[in-house]
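First subunit A sits with subunit B, and in the next complex the same chain sits with subunit C.
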Partner chain A sequence: MKTEKVFFSDSVGAEARKEGLDVTQGRTLSGDVNLSADVVVVGSGAGGAVMAYELARAGLRVIVLEAGPYVPSSEFSEDFTESLERLYADHGSQTNKDGDLLVLQGACVGGSTVVNGCVSFRTPDFILRDWQEQFGLSALTPEEMEPYFRKVERNLSIEENAGHEIARHSQLALAGAKALGWSVKPFKRNIRDCALTGHCLSGCKTDRKQSMLVTYLPWAVAHGAKIFSDVTVTQVISRAGQARGVIAEAKDSSGTTVANIRVDAPIVVAAAGAVQTPLLLLRSDLANGSDQVGRNFACHPSMYVGARYPEPVYAWRGALLGVYIDEFLPPEKGGFILEAGGLGAVEMTLITEPGSGEAFLDYMEDAKYYSGLVTLIHDHNVGRIGWDGDNKRVDYQLADVDFDSMLRAIKAAAQVHFAAGAEEVFVPSTKPLRIRSVEEIDQVLSELSNAPQVLRMVSYHPQGTCRMGSDPDRSVVAEHGESHDISGLYVADASLLPTSIIVNPQVTVYALASRIADQLIARREQYLGNASKGSGESG
Partner chain B sequence: MTSNEPTALLQAMTRRRFLRWLLYSAAAASTCGVVAFAWMKRSPLDQVAVPVGQQSLSAAEYHLFRRAAAVLLPTEGRVFAPLAQIPVLENIDSMLALLAPAVRDELSIGLALFDHGALVSGWHGKRFVDLNNAQALDYFDRWATGNTIQRTLATVVKKMVYVAYWRDANTWPAIEFDGPVSDRWGLASLGNAPLPTDQEKRS
Partner chain C sequence: MATKITTPALMAGLEPLSRRSLLRGVALGGLAFSTGCSRLFGRKDAPEALKYKHLSEDEIRTITRLTEVLLPTEQHGLPSALLVVPTMSNLDEMTGQMQPQSRELLSLALWIFENRPKMSFKFSRFSKLDDAKAREYVLAMQDGAFFERGITSTLKTFITVNYWRDSRTWPGLDYTGPVTEKWGVRRLGNAPLPLV
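Entry: the complex of A and B
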């Protein structure tokens, strides 16, 4: 048995590295490795990175375990297919059981924040109100969350897109929405001096995107946190209702286990994302007195509604995401938004069914004339994450009410396209369907039914599988992020969200994690004793 | 939408569904006679060697994707990079090699089903790999509007072929796709963000 001593540096006077990140790559470990810390954080994405930084800054000894590899941004290829295979969960092939919903999550140090589109929304107030009324989250008022939103927006350089960041595809959406009299706004994004490459989903090669890779993770390391990549946590350990640490495996690039790791820590933060966190808790047979772990999966199933314009658009050029149409954001008006976004050559082959052979090549020959709108709906929490033997299982089928929302979103997107001058709209279905005028929209969409393999859907926002709530019988964790069942076990990722929030969730996760960190720090004596008090930075 | 979606779609095909479909197929085939079925499922391509060094593709799968690519990407006489100059089969092979074993196993069954389905679906009496161009295109189009399994398989095969072709940088000039730009533009890295300076006092 080998025991590794992890030296935690003093956080006072900390400085972050100018570039890159100090990471212990699991593939370099061997044998049995025992570690100890105050806190072990599982996952290095939006929730895990914020927790690691805030807790390390408060003087706690923090270890972060990330299942994915550490890929420095200098190695990002700006090649989407290569990036999928290297940076995403299951090499970009994670899907639901029916195979008609691709569930995209980052699987690298920094998690999904490395490969997202930088879109930054606060949680809508009406969503917070729903959470208060339906789940007893009485403290999560807009007023309570305001300083946390403000803090992460400041830390991540979140600003509204300037004029030069509204690419041609987004200018068309803007024009279409304005012609219809619909509300349309520039996105806010977490980016500094955007270089307009359009390659956000492959990672930002020049570190303009303020992902966790270049913000909270190096800041956490500056305050003494230790990060391990290529380490898959297989079990949370508990004793007498108290978290005690985790068991994990370090893997090489082929997926072969090269080291068995144990981290002893009285505080465990599960922040592996809304698919992996419930899988970990289910495998650990922990924190599931409510039988809600893995249930209530929602995911914002989205589609890319493309259209052909008479003039070239070059949808791959410029900032990836420029404006959004929020005319239908309130649930009583539809509960969906439309986001103007770009796409590349490979993605263009996948968004619709243009027919086979010559028909398909005719379609691709016009690639530079295409533009598109991404639909995001307020889906219901009807899915479930679980195990099928040793394989994970994502059960998710569109509820009929959500299918209706999808159709309304496609219709609205088609209306925007035609109002902006599009010549035809491509229906995101497996059938070869095109709409050539506003008058045709309803008739063409009537050919769609709510069945597997009808719509071409992607989820970028899995959520809801360890929901927060005041009632231990209906929720997994309390409002402050701690398990109802296991003291010292916290959840800090999109698993927390009791309902889907319609908008991109990264800022919601950052803000909730910041708040949970504060709550945890206020309770740290409970886990660590009096010795912990007063250490670390205090302002 | 992404490049690996096609392979991901195979998770749709649970063994139960396959068994049920195979049962129907076998029942239909029995109407033609077991002997005839056994004779028809052979293809002259079964005797044709495939290049060595495939990581994941079986010989039958190699022939299937080769035939599918030829039918789906008739690039001759058009602006596109000639199909023969793009390593479509090699790209498909490396994409399949990344799949989890359980998914890869189901994909094998699905591809065999797609190939042999032409025996009874459309009453072609021969496998997909032996259909002429018009028959093969018709086969794709009918399966694209067929039952769930048919839609899944037609979509999987198409998408794998499309992605394997269009992921190659040599195909991009024809559609004016720019590909990677940061190095070409000489963009400098901004590096890590500095530590926040306006840190709020802890309670």
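Entry: the complex of A and C
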């Protein structure tokens, strides 16, 4: 057995690399590799990267294991189909069991933060109140979270879109919402000096998006953290109710295992995302005394409601996301938002069913006239992540009440489009449905039903599968992120969220991870003091 | 621009086919009687199919016919989907990169799509239907049961994405494609460490 010595540098006087990231790629490893650290972080996305930086900065020896590859931003292609293959989970084909919900997650160093649209919302206050009342998360008040939001907003250059960042598609949404008297606002985004390429979902080639790839990960490395890519964690190890590390496999580019890795660490942070984290815990047969691991999956099922305008829009030009309509954000008003978003030409083939032959070509030839609104709803936690033999299984079927919300969101989007001057609206369905006037909206939408393969849904925000709560019988982790069952095992990703939060969750995850890091640091002696005792792992 | 071939999010609609009940009830029970399951995953390629490494002769025939029905490009002054843009080669290469489970689902979907007309069109396969009947069939599948919609949407996406991903199709849409290098946008690199 080969034991690799990992040298952790002193973080005093740390300085980040100007460009790129020091990553040990899995294909360079071989045989059996033993590592040790104070903390092993599973996943390098929004939660994992923040934890890695904060813990490394506090002087802990941190190892980050990322299952996906390291792709430097200079290699991003601005080709969405190629990016799906290279940067997304399951090459962009991760779906629910019914095949009508695409679950898009980043699967590369930096995780989904590399391929998201930069939209940055704080957790709505009413969601935090709901968590306090329903799940006993009494410490997570808006006042408690305020400094964490402020900190990550400052670190990630989160600012409101300026006028030049409101592209034509967003100007139309703005005009439509204003004509209806609905609340509409510019997005805040984590971006520096946006180059307005419109290719956010393929990764930002010039490092303007402040993803984890160019912020918290290089900062963590500057403070001594070590990052490994192409390393899939297969098991969390524990002993007598204490986390002890992980077992993992390093893969080459073909997916073949080239090394078996063991990391001994008294603190394990599971931050692989709301699909992979519960799968890891279930496979490890750990932390599931509540039987809630993998349950309560919500995902913000979203649709792109496109429309044709009389003048060219060129939805691929300018900042990808400009404004949002929050008129219906409060649950009592509908619990959904509409986000004005751009789209590339290839993606135009995916958003609706335009018919075949002449009809399809007519549709595509008008691509420059299309604009769109993304719907995000406050869906219920009705799904479940689990194993089906060696395959993961995503069980998620839209609840009837959520289907009604989807219809209301499509209707509102159609109203905005028509108010902005659209000539027709494309229903995001597998059937060729179009709406040609406000008067037609209800009639056309009545042709939809809550059944498999009716709506064209995409989830960018899986969440809820290891939820926080004060009651160990109803939740997986406490409000400071630690497992109710296993000391030293933390969760720090969107699995934590007890309910869906309607808005894009990246800032919520950053802020919660920052807070969890503080809580962990305050307890560090508890784990590090136990680290040297005995052996005989299980898990 | 070089066209890179990948395995993107096109297979979603085929997921229901992985259910054993559907395999048993629809694919094997309802349709296999006329063609025989032995041809389902066959690779007895005709000489003209040999230039494709991953798709079988039957699959190429089905996809070619569906491409003709879906994308009568010449009538619109667009580059031909079969003679100019290498749609079939793109599809073939994409197929070669699929995981085994996805590859089997694609085979099954194409087989169902090819043979399902036998139920309604006097035992004719899809690839043998004339233009009018082929269009009628595609429309019927698009409006059919959930798995028929899933198959049809997926195959349509499979073909149309592999056509429009080619940069030669973009001028017709006024689509600009990748722009960063064209515009010479400067890289910013990593953000500086935050001030504590």
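Of note:
As a working rule, the second predicted complex is superposed on the first by the 529 of 539 C-alpha atoms of A that agree within 3 Å, B and C clash if a C-alpha of one lies under 4 Å from a C-alpha of the other, contacts with A are read in each partner's own complex, and residues count from 1 in each chain.
Here is the rule we use: contacts are C-beta pairs under 8 Å (C-beta built on N, C-alpha and C of every residue); 3 or more make two chains touch, one makes a residue touch a chain.
Not measured: the values here are computed from a predicted model.
Considered on the superposed subunit A, subunit B and subunit C are sterically incompatible, since they clash. Of the two partner chains placed by superposition, A:A162 touches none, neither subunit B nor subunit C. Once the two complexes are overlaid on the shared chain, A:V401 sits clear of subunit B and of subunit C alike. With both structures placed on the common chain, the touch criterion links A:T215 to subunit B and to subunit C. When the shared chain is aligned, subunit B comes close enough to touch A:A58, but subunit C does not.
When the two structures are aligned on the shared chain, A:I521 is found in touch with subunit B, with no touch to subunit C. When both complexes are overlaid on chain A, the residue A:R154 reaches subunit B and subunit C alike. In the superposition on chain A, A:Y304 makes contact with subunit B only, not with subunit C.
When the two structures are aligned on the shared chain, A:R86 is found in touch with subunit C, with no touch to subunit B.
According to the touch criterion, the shared surface of subunit A, contacted by subunit B in one complex and subunit C in the other, consists of residues 14-21, 57, 73-74, 77-79, 81-82, 84-85, 91-93, 95-100, 102, 104, 154-155, 157, 192-193, 195, 197-199, 205-208, 210, 214-215, 218-219, 222, 314, 316-317, 344-346, 348-350, 353, 355-358, 360-361, 364-365, 367-368, 391, 430-432, 451-454.
Against subunit A, in their complex, subunit C makes its touches with residues 4, 6-16, 69-73, 75-76, 78, 97, 101-102, 135, 138-139, 142-143, 146-147, 149-150, 152-153, 156-157, 160-161, 164-165, 169-170, 172-180, 183, 185-194, 196. Those residues of subunit B lying in contact with subunit A across their complex are 1-5, 7-14, 71-75, 78-80, 95, 98-100, 102-103, 133, 137, 140-141, 144-145, 148, 151-152, 155, 158-159, 162-163, 166-167, 171-172, 174-183, 185, 187-196, 198-203. Those residues of subunit A that touch subunit C in the complex are listed here as 14-21, 57, 73-74, 77-79, 81-82, 84-86, 88, 91-93, 95-102, 104, 154-155, 157, 192-193, 195, 197-199, 205-208, 210, 214-215, 218-219, 222, 312, 314, 316-317, 344-346, 348-350, 353, 355-358, 360-361, 364-365, 367-368, 391, 430-432, 451-454. Interface of subunit A with subunit B (complex): residues 14-21, 57-58, 73-74, 77-82, 84-85, 90-100, 102, 104, 147, 151, 154-155, 157, 192-193, 195, 197-199, 205-208, 210, 214-215, 218-219, 222, 304, 314, 316-317, 344-351, 353, 355-358, 360-361, 364-365, 367-368, 391, 430-432, 451-454, 456, 458, 518, 521-522, 536-539.
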